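I'd like to ask you about the structure that follows.
For reference, chains read A, B, C and D in written order, and residue numbers begin at 1 within each chain.
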């Protein structure tokens, strides 16, 4: 039996949340889940149908060198991006990539998602940033790895525990979290606030962000040490 | 057996209408139902999954002082807003809060929903107003209670029996009614007319409200003392 | 047994198509079906839930004088509009009213739906017109009947066999056809082409209608005497 | 037993993907599948309901002269367009036509779909072009055949293996591929990227296409001889 059963199961379950939340079409999108003690992460295989995928199909890779530790299938082509994020963002246990349509629209427009309301503030402590385009040499050499690098570069002055998602310019969103389910929830919230922001901007082209006090209030009542949203044990 | 079984059941059933009408995602949104004779209201617990929630999980609170009268779970974080509305709007039996996407877009844009058609007039006797932003001291001291206060302030010259919904600026909609089901129907109608209004404004940026006679006609044929919509006993 | 069983059944089945095609929310919307030989039409009762409605609930009215011929429930409040259309548009057997969202948006914006593509031309032989607003005295006296009148007024120079739908200004669409199913299909096609037109106008504010030859070609290959779309017997 | 059982089955299965992917409403849309060795293709019959259609209803036609080789029903009215494409685009095995709403919006607006992101680049190696309108004589004489001709004309300098879809001006999309399933996937991807592009253009009216290196990278990692997306055998 696999020594990585727990992260393969968690990774599999989290991947199945993508179609449930309507975040993906066809085989786009993938979730990975890391075991920090063992220095590995499990990730969805490449181009496999969500309806026939099994937990044992998840591929386990080494965080440090990218080597496949377990699994007979080819891993998701975005695997090096996940690996780069596990290296750079120390606290996170899971990374999600989707092509959800409203978040992609902001990525393609090259615009960050401003924090226009409390739905956004419940999840992200400020605007969700957009990276620069990769340059020609980054694209030609180690494209997926460099995709991770432009994300890390964009977060040089942002705390990835407070803003748990990013838009890669001309591509789409990545999100992360402390578990597979939490990372997917972050990706889902991102898609929702992208839709709300787009519609708000149609109604008021210069809609203003919510006041900083309101941003803090909502983020901290769910995420701070004095959070009071949800049940105590949840 | 609970002395509040009827409002807990009605509250539970009304909360389940939120996912049925696609008004909520994840655990956003909540419904409360009051028993005016007993001076209490039942409300959804905080952050609980709609798919596993049970009628007995509803929390019962005192309208006057907010004390928990029955229930083992933490109540919805929006409970003080509901309580403030039960105090100020005397006739109402139920309050609903959602983050439905089109209504939120108006709240985030800081625009009221104009009455552009009879669908709107069937439910709301005029534009659905938007509150001001809460200020820093209101946010820091008793945020959810003050959210109720800005709603009440906005309704100083509006009859809450005729306009049964509001948009809290930068946050989202609250709606109310004479029963749990009626309050949720109001929240659902609000989302529908928000979508219709947004699309109308895209087609005609200066779309004009319907004439006052048409507004009265539609509202009163469903809500006035000489209403003739629906079956006599319904 | 009812002497109007056939039109009550057809009317009931056609009403059930409204939620199937997602043309209505709550209890909005209604379909009627006429028996021209008997001079009557069956129509949905007012404000009844589509999930519990039965064929025997359909109300049968006289086309000439509006008197209820059979049925124990109150008829749809829009019944006089249907009756006016059965009187004025001789060939039609069924009338449908919905509040479908994209068609309503055009009605609320006071804009006709231009014929921007062949999907439109497959169903409507030209733009779908919008009526004027009813005036105060029309609203106060016999509102639903006068709603029929403004439609008839708008069709003074339009053949209702070629344009089988209309937008009532500030209200929403009515459609009609040679059977209950055909009338609902017309209402469904209207909603689809409204969505397509709205999106086209967002991409090109001055999008031009298709050439008249293309309009004729598509309408006539489905509807003319030399139609060649579909199977010979259908 | 039919000598064309394999293409009739593949054609039938591919047609059923259209409602599954929500690419069609009512009876709009059709898929054909060719057997190049036998010089024939199977296509959906005209105006038949997807819910009652059977594999044996598919009509088999000769690619060279259009003659019906097998089948008792009338073929789709768009059959000559399919035939023209099978003649002109040598490598393809399947053609799909839909009226999917976002792709139609671009066709009605007369705008090509620019390549604004990697979702687009994963499927199409550049913008998806739009044809000119057919002229009056083309419409009157052999309309569906000439529809094929304007597509072929538009692809004079485009390789149909690299751009596997087109928008017919004022009409809608055609797509193609190496199998029924691949052609439908192309039509589905087209609808997705149309929606993403429309939303991107709303957020940034002058959104710029992705750099050519990024376009090449994504298209070639899925389609080139050194593709590394998906599993080796898929």
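FYI, a residue touches a chain if its C-beta (ideal position, glycine included) is under 8 Å from a C-beta of that chain, and two chains touch if they have at least 3 such contacts.
Listed by chain with UniProt protein names: A, B, C, D = L-ribulose-5-phosphate 4-epimerase.
Computed from a prediction, not measured in an experiment: that's the story for all the values here.
Taking CA atoms, the transformation carrying chain C onto chain D includes a rotation by 90°, reported to the nearest 5. Farthest chain from chain D, judged by C-alpha centroids: B. Each chain gets one centre point, the mean of its Cα atoms, and the points for chain A and chain B are 33 Å apart. Taking each chain's centre as the mean of its C-alpha atoms, chain A lies 46 Å from chain C. The residues of chain A that reach two or more other chains are 201-202, listed in rising order. If you check the complex, the residues on chain A that touch chain D are 25-28, 45-48, 73-74, 77, 99, 101-102, 104-111, 133-134, 136, 139-140, 143, 170-172, 198, 201-202. Residues of chain A that touch chain B in their complex: 116-119, 185, 188-189, 192, 195-197, 199-204, 207-208, 210-211, 213-214, 217, 221, 228-232, 234.
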